[in-house]
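Can you read through this structure? Questions will come right after.
Per-chain numbering from 1; labels A, B, C, D, E, F, G, H, I and J assigned in written order.
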Amino acid sequence: MNEKQKLIETFENPNKERDYIIEHTTPEFTSLCPKTGQPDFATIILEYIPDELCIELKSYKFYLQSFRNDGIYFEAVTNQILDDLVGVCKPRYMRVIAEFNTRGGISSVIEVEYENENY
Amino acid sequence: MNEKQKLIETFENPNKERDYIIEHTTPEFTSLCPKTGQPDFATIILEYIPDELCIELKSYKFYLQSFRNDGIYFEAVTNQILDDLVGVCKPRYMRVIAEFNTRGGISSVIEVEYENENY
Amino acid sequence: MNEKQKLIETFENPNKERDYIIEHTTPEFTSLCPKTGQPDFATIILEYIPDELCIELKSYKFYLQSFRNDGIYFEAVTNQILDDLVGVCKPRYMRVIAEFNTRGGISSVIEVEYENENY
Amino acid sequence: MNEKQKLIETFENPNKERDYIIEHTTPEFTSLCPKTGQPDFATIILEYIPDELCIELKSYKFYLQSFRNDGIYFEAVTNQILDDLVGVCKPRYMRVIAEFNTRGGISSVIEVEYENENY
Amino acid sequence: MNEKQKLIETFENPNKERDYIIEHTTPEFTSLCPKTGQPDFATIILEYIPDELCIELKSYKFYLQSFRNDGIYFEAVTNQILDDLVGVCKPRYMRVIAEFNTRGGISSVIEVEYENENY
Amino acid sequence: MNEKQKLIETFENPNKERDYIIEHTTPEFTSLCPKTGQPDFATIILEYIPDELCIELKSYKFYLQSFRNDGIYFEAVTNQILDDLVGVCKPRYMRVIAEFNTRGGISSVIEVEYENENY
Amino acid sequence: MNEKQKLIETFENPNKERDYIIEHTTPEFTSLCPKTGQPDFATIILEYIPDELCIELKSYKFYLQSFRNDGIYFEAVTNQILDDLVGVCKPRYMRVIAEFNTRGGISSVIEVEYENENY
Amino acid sequence: MNEKQKLIETFENPNKERDYIIEHTTPEFTSLCPKTGQPDFATIILEYIPDELCIELKSYKFYLQSFRNDGIYFEAVTNQILDDLVGVCKPRYMRVIAEFNTRGGISSVIEVEYENENY
Amino acid sequence: MNEKQKLIETFENPNKERDYIIEHTTPEFTSLCPKTGQPDFATIILEYIPDELCIELKSYKFYLQSFRNDGIYFEAVTNQILDDLVGVCKPRYMRVIAEFNTRGGISSVIEVEYENENY
Amino acid sequence: MNEKQKLIETFENPNKERDYIIEHTTPEFTSLCPKTGQPDFATIILEYIPDELCIELKSYKFYLQSFRNDGIYFEAVTNQILDDLVGVCKPRYMRVIAEFNTRGGISSVIEVEYENENY
């Protein structure tokens, strides 16, 4: 578990025998561009089918806030969020969509997906 | 039948030989957070294919209102609504989508589904 | 043919060898609640693939208007519209979607479908 | 000061020499209909020009929540919110707009205004 | 008082010393065209500053429904609604806006206003 | 009266003692460009306060259709519609707004107004 | 080739080895109702996968304009546009969607499709 | 007259005795940033009351296109467009609004106005 | 000049004899709540009429970014932005509108205005 | 590698073992019509699944800007963008959608796709 993962708390899935979808959306993600040091802003959409564990909402907010002063690229941060969350809550399925604000007239969306092979 | 289920009335499906979809949407669901006691607000979308019974609309409204002063988590309440309704009207198919208002900058959607194996 | 069906006129499909979709949408459907006598309002979406016959638009308007002072439930009226139209124009495929206005904070959609087995 | 007013906390206006506008909007107001006991839902828009005191946001939320299980009419509750807040923070100007959800096919807006005569 | 006016009930204005605005909007008005007998549909927006009396919401709904099978022109019905309501509740100010659905590719809005000269 | 004006029929204003607003909007106006012969398309918004006479809706539709194969410029046609209608129904106030579709990447709006000096 | 087809010009597809989609949308289609002579208005959406030939845009505009004073039904004109264009440019796939403006409170969409069997 | 002004053609106002508004909107303005050489994009809204002369639409398009490869600041270009057009067509009133696309997360609007003192 | 003001650069107003409006909008403002340390997010709309000096856009972006890790209240930060900018560019008129994201179900807008008395 | 391709820079894909989607959208594409010399404007949507290499955002912007003064047809430019980008970054999948502004009342969309056969 890396430092960021330690911020994420979980609780027991109240309905393990059923596949169901949980989606959390926040328009308040911000990190820094590693090249220029300028802030980047994104909406993060997290969608998953829980197995044993659900992600606790408040700790998830703190996890996302921990990137506030990190310098990290669009593609890397989206992959890391997926990897960090999969590592902690081991879901049946998870998807992270990061919609970044316009830079130089171009807006970007990165979409990363994980499927647990046992399902 | 639990206390809440007793609130739900049904009427005979006027067209049993045909699979068709009924959808009821209400933006007026409210319950309490079990941790903080603060009110939560959600839009509840119910979609089902009736078998023998349809859900009576007014009693469904009273059923949803019965959560008004209950402390219950997002994931739990969405699963319970599905279980309660499936138990009472035994549909061919049912889906409950609960779209919760923003908390701490994060909005959440829980989507739960039931399929009767005989169809 | 029931009394309402006699209102519906048809014309010959100008292109029988091709499957194509005709969709008519009206936000001006109104009937009465059989319990309370209060008016209900809906948007009716009719979608079909004609076989030998197409539905004449003006007569379809008169057909829908004939429900204006009838007391009839959401589920029943949507199924009846499908049955009446299928009986008259014998389409390859037909779907009726009825989107009812909010009552008691809840809006409802009923969606009914017919497929001719020979296609 | 009535019981509800005691919930409202204030802080000193950081810029008393300048007239400026503060607006707080919440779509999460709910009370009960005094006739039927049914829940009502509204968006409350509060707009004011502070004089000596500003309204503390969290206590304002608790104040609005205190109506959750009160039976009170649209016109009365909107006037009361204005009176309660004017009484506590004595603003130069205040306006309360309450947008109530559709009931019986009719949505309602009540708009109440206060102007301190010394300005 | 004409027959329609008798349908309108009032209640005492809870705050007579203050000018404030009440607005009721319904997208569910329907009457008949006096020429063709065809149904017309409109959204009716009522805005008023009450004096001694407020209009009771449910009775206002019944009042509007009483036009359902009346043959009456756009301009006439909008003026009549204003006159009927002014006659019953004697407001300080009242405005009625009727937005009629498209007929022959043309949609129409009629806007009528009343001001009590004593204010 | 020119040829086009003869198409416009009027009826007596049902409420002459009151100033009120009538607005007719049609997105279905089309004429030809006098230079290129290419069709132009516009939404025409007519707003007026009637005096003795109101404009009959169906005849107004025929009046607008009479421009279908005329070659006429944006500025000229908007002024002519105002002049023709003022000439026929002699209103207290009238405004014509013509919103023309994009040509060469530029969309245009022409707005013309008439006020009867006696009001 | 009929008279209308002669208006359509083509150019060689710049990329024949790849299936790709070209879509042209115009909200400026108008023809006449064959019954009443009244103008009809539609948005025409043309979508196709070219084979040897692409449709030249300006000539396509003139082709659509040629219906301006023709009396023709919704279903017939949509099928004819597809047949005319398929006949001239022999595409791998083509779809025409015609969205007609509201008539008598009802809006209509006709959707017609062609697939070249060799693909 | 500068070089750009020579591109603008005018025609005689068809209705000089009446004040009326002409508005032309184009989302297709582009110039270059004088510092970085990077392209800027804006929507230009031109609104004016003509006196003797109206601006010919096609020549106005060419005038705006003449900035395509010019390096010029937001504030300067908006003022210049107003000055150039006022100089050529001498209107009673003119306003230019330039809405520039987001740069560095900031979008900008410049609004410049001219009033002829004789009106 | 405080430390933040030193970040703001200006350039000479290219058109001093004319009153005109400059508006800069950024949805990417973030600071910290002084109580909880949690990040706040806002859209900042700056509108001003320049006198001698215009605000350079890039330096304005850096100025706003300097609040990123400051703990400061909604009301205070909005007033400070106005004071800082007025102090540096001494405009004829300036308005700052800060639209803060939802916190506890309540969104807030603060609007502050400055007028130079010599205009 | 052609001259335009030399403008495109790449960086190593930070997550090669996973298929994920990168989407870049710019509403700021402009080129010239080869027939008339008039500017064309489009929104370019690029969507791809990277293999070894990702496209560097700033260089992609410069690549798109290089078309600014080129005369090139809609169909050709869309195919060229796909070919150029595939040639440089050799993705697992790529799609280019070009949405062109209205010309002669017709807007156009070109959609081109590439799939690497090894995936």
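The rule we apply is simple: contacts are C-beta pairs under 8 Å (C-beta built on N, C-alpha and C of every residue); 3 or more make two chains touch, one makes a residue touch a chain.
The shown structure was predicted, so the numbers you read here are calculated from the model rather than taken from an experiment.
Each step here moves to a touching chain, and the least such steps from chain C to chain H number 3.
Common neighbours of chain D and chain J under the contact rule above are absent. Centre-to-centre spacing of chain A and chain G amounts to 46 Å, using the average Cα coordinate of each chain.
Averaged C-alpha coordinates give centres for chain B and chain H that are 57 Å from one another. Listed for chain A are residues 27-28, 38, 41, 101, 104-105, each touching two or more other chains. Looking at which chains touch one another, you get A-B, A-H, A-I, A-J, B-C, B-D, B-I, C-D, C-E, C-G, D-E, D-I, E-F, E-G, F-G, F-H, F-J, G-J, H-I, H-J.
For chain C in complex with chain G, the touching residues are 13-15, 18-28, 54, 57-58, 60-61. Within the complex, the chain F residues that touch chain J are 38, 41, 101-105. Taken in their complex, chain B has these residues touching chain A: 73, 75-76, 78-79, 103-113. Residues of chain C that touch chain E in their complex: 27-28, 30, 38-39, 41, 65, 68-69, 101.
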